[in-house]
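Structure provided below as structure tokens; questions to follow.
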Amino acid sequence: MTLSGSNIKAVVCTDVCKSYEKVPALRNISFTVEQGEIFGVIGPDGAGKSTLFRVLTTLLLADSGTASVEGMNVVKGYKEIRKNVGYMPGRFSLYQDLTVEENLKIFATLFHTTIEENYYLIKDIYSQIEPFKTRRAGALSGGMKQKLALSCALIHKPSILFLDEPTTGIDPVSRKELWEMLRKLKSQGITIVVSTPYMDEASLCDRIALIRDGEFMKIDTPKGIISGFRKELWAVRGSNMSALIGHLREVDGVVTCFAFGDNHHITVDNTILTKEILRSRLEEKGHNEIIIEKIEAGIEDCFMELANR
Amino acid sequence: MKTALWNSPTDRYMNVITVENLTKKFGSFTAVDNISFEVGKGEIFGFLGANGAGKTTAMRMLCGLLKPTSGKGIVAGYDIRSESENVKASIGYMSQKFALYEDLKVWENIRLYAGIYGVPEKDIAPKTDELLKELGFEGEKETLVKSLPLGWRQKLAFSVSIFHEPKVVFLDEPTGGVDPVTRRQFWEMIYKASDKGITVFVTTHYMDEAEYCNRVSIMVDGRIDALDSPANLKKEFNATSMDEVFRKLARKSKNNEL
Amino acid sequence: MRQFLVFVQKEFYHIFRDRWTTLILLVLPIVMIILFGFGITTEIRNTKFAVYDPSRDIATQGIVNKLETSEYFSLDRYVTSPNEIEPLFRDGEIGFVVVLGENFYENLLHTGNAKIQLIADGTDPNTASTLTSYATILLSSYQQELTGTAGGTIPYQIKTEVRLLYNPSLKSAYNIVPGIMGMILMLICALMTSVSIAREKELGTMELLLVSPMKPILIILSKLVPYFTISIINYITILLLSVFVLKVPIAGSLVLLSALSLLFIFVSLSIGILISSLVEKQIVALLISGMILMMPAVFLSGLMFPIESMPVVLQWISHILPVKWFIIAVRNVMIKGLGFSSIIREVLILTGMAAVIITLSLKKFKYRLE
């Protein structure tokens, strides 16, 4: 049975701090995760994502603060928690010299279950790699490895999954498939806490926390975070994108300017700058084919804006 | 102005990379299947593909690390098959997995690579200072690389990889896991290198970064299935983003999950 | 229990999926014992020797003949003056010199003051002492012949001081077998165990194992089973090879010898666990087991050099090495054929060591990350 019907929060984290030899990795992290939610922890490498996951999976002791998973304290209740969580560490941590099937069998046994017993749970994911079940895990491609790792993390029917950067280093197609799987798992009532450095994956989570330098800058739904972006944001395009960056930054009223794919995103002080003024400034510098549009912010804009404060 | 030139690939004044029918087989498996393309001087060339599509193999051949099974490749004016030593001396290389020695100081890393690539002794010190100044790292000269934040390391690694002013620099997922702000600073550095005439050959898993490239190639099952400017590719595939282009192409792959 | 069995199976997969690991674990002991038993033998054959013999009488002729006909020595030349001896050594032309006194036979018969001097190259003390031992034995046997032919009338004899116990034919394999046994068991148990646990830490799989309900002690035990099994196979291989190939018989009780080896295997395994609980990386585990266990084991355990000829400090250090005590005990049981009472001290020491190490490593084992 799972705890999804009860009122117990899947994760409660209060003022958790953790330092490695005086270098703080987590500073006062507080948040809760509801049952059946996909909660994303989004931020760059070194922001503290893995440390947070290790504290929650009882692998690391926090220096201060408390945390509980499924109502059990991560310090006192670590044995119980270890029975109930599925964990996928940041790097591929399966036995490369064992076959796909052997790996899965080992993890099933580890949790006192069998592949057959919980096959239904991993069927969607595992069936994609099953044709290669006699292949050694080390010989799989990045996307396949992640699917195997996810199968291994799921085989004991955990009520909550901790996935530390499951999409890092794998191609966009595999990433998309993985997220589709997570949505399916959510529909089966499994709570998912997932971390990623890819900002564009934020919209796939129910709620996200933006993490930077060991601190949560903001916790909200993706929409909530975007609507919290109150600056005026324009996308600017021209024929010479490289020179355009420097020239945009020279214009009065342009607060920040960053390259964003085929556009440059600028936040502007619209009390002193209008699109027309900007266009003429840029034309003075010799730019042509200039397109300026007011746009809605993305998560990445929000992240940079929050990080800039 | 230069950037605009590359949107029409016929209008180049010099090719730094020329590849014709390049193929690499490992036993019965064809990792790179008869690919041909050209990259011009100062161009930013995005090299995309799913995991296992053959990107790494192709890149290794271009860097002179792997001998092609058949086909021809000229990099920086040298034949990758017969003049691989010259190729290696004329290129820069940086990968996400390994970039700098973490247990060496910043200046020691620079000194090391300058030495490896034969930068004249008298140029090293002034160029080191110039590089650090450009990065705003003047205070970090004596810092161990491992105590630098990841983003800084990657920026430093890129600067080091073009320290000897190579004709072309190969970047293998240079921005993986780097925070959004630093990622953009990194791309501004790439722009600057390109403005100086250095050709940039880059792989990435961030599809928004593909948009920064002058032209993008997408590998599927060892072949190059698409090669054009991001704008043209989006038009051709009737897509709003490079991400969509990529997914439409990769779906055609027969062994997509191998 | 099923958990445990699956894990043991997994460990065997790890070993047999890697050709080199398999090869090293199963073939190395055979190679080592054959190499040490035959190749790098400290046995000496046909050493060239020179003789300074001012008497040239019956007795000196007899002695030279005795040496010459043995398989250990071959006569190179007679020298006419003692001054010639040193240059011969220096140029490496000969390895041994016999200097006989004047009026040797006369003195032997009447005054009992027959002088004989054996000179060997002291820069290689092992060879030198082996050579002098051989020569002394040959001399004494010549004397016995002499006594026999003379009908017991010769009152005085040349006394030989060196007696070689338990290894009458001076076979070096007798010394080698217990040493090799100690080394191999130590290598397989301590080194392989520590490396394989460190590997799980390095690859990150330990993280996954810890975040599971499996008891850490079971994880460790499952690591031990394969190496324990392989050690026993190696033990049997070594015994078979030494008995049938090197012709070193098991003089004492096979049961006692086996029990002793099991004890030593247990000690080595616990050392392996201790090392792995202290380190995070395979290379560190390898270096610690290799440098801190194996090197001293080879040098300080008496395998290669006699402990008695080492500085006192090193002799003291050798006391803390389990392998030293194991080798002593194996010599007592296997070569000398002594019973349990002769190895009580060694058994107690090894048991004590096992207890301390096991307690320490269980205390050190972490069920969380650092």
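Chains: A, B and C, in written order; residue numbering restarts at 1 for each.
We take it that a contact is a pair of C-beta atoms (placed from the backbone, for glycine too) under 8 Å apart; a residue touches a chain by one contact, two chains touch by 3 or more.
Everything numeric in this text was worked out from a predicted model, so none of it was measured.
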item	value
Count of contact steps on the shortest path from subunit B to subunit C	2
Reference subunit B; chain at largest CA-centroid distance	C
Whole-Å gap between the CA centroids of subunit A and subunit C	60
Chain centre separation in whole Å, for subunit B relative to subunit A (CA means)	26
Subunit A partner contacts - residues on subunit C that touch it in the complex	2-3, 6-7, 10, 13-14, 17-18, 203-205, 207-214, 368-369
Interface residues, subunit A side, partner subunit C - complex	54, 57-61, 78-79, 82-83, 85, 87, 89, 91-98, 102, 105-107, 109-112, 136, 152
Residue ranges of subunit B touching subunit A (in the complex, touch as defined)	1-4, 49-53, 149-151, 173, 176-182, 184, 187-188, 191-192, 194-195, 205-212, 230-231, 241-243, 246-247, 250-251, 256-258
Residue numbers on subunit A that touch subunit B, as the complex places them	43-47, 128-129, 141-144, 168-174, 176, 197-200, 212, 239-242, 245, 258-262, 300, 303-304, 307-308
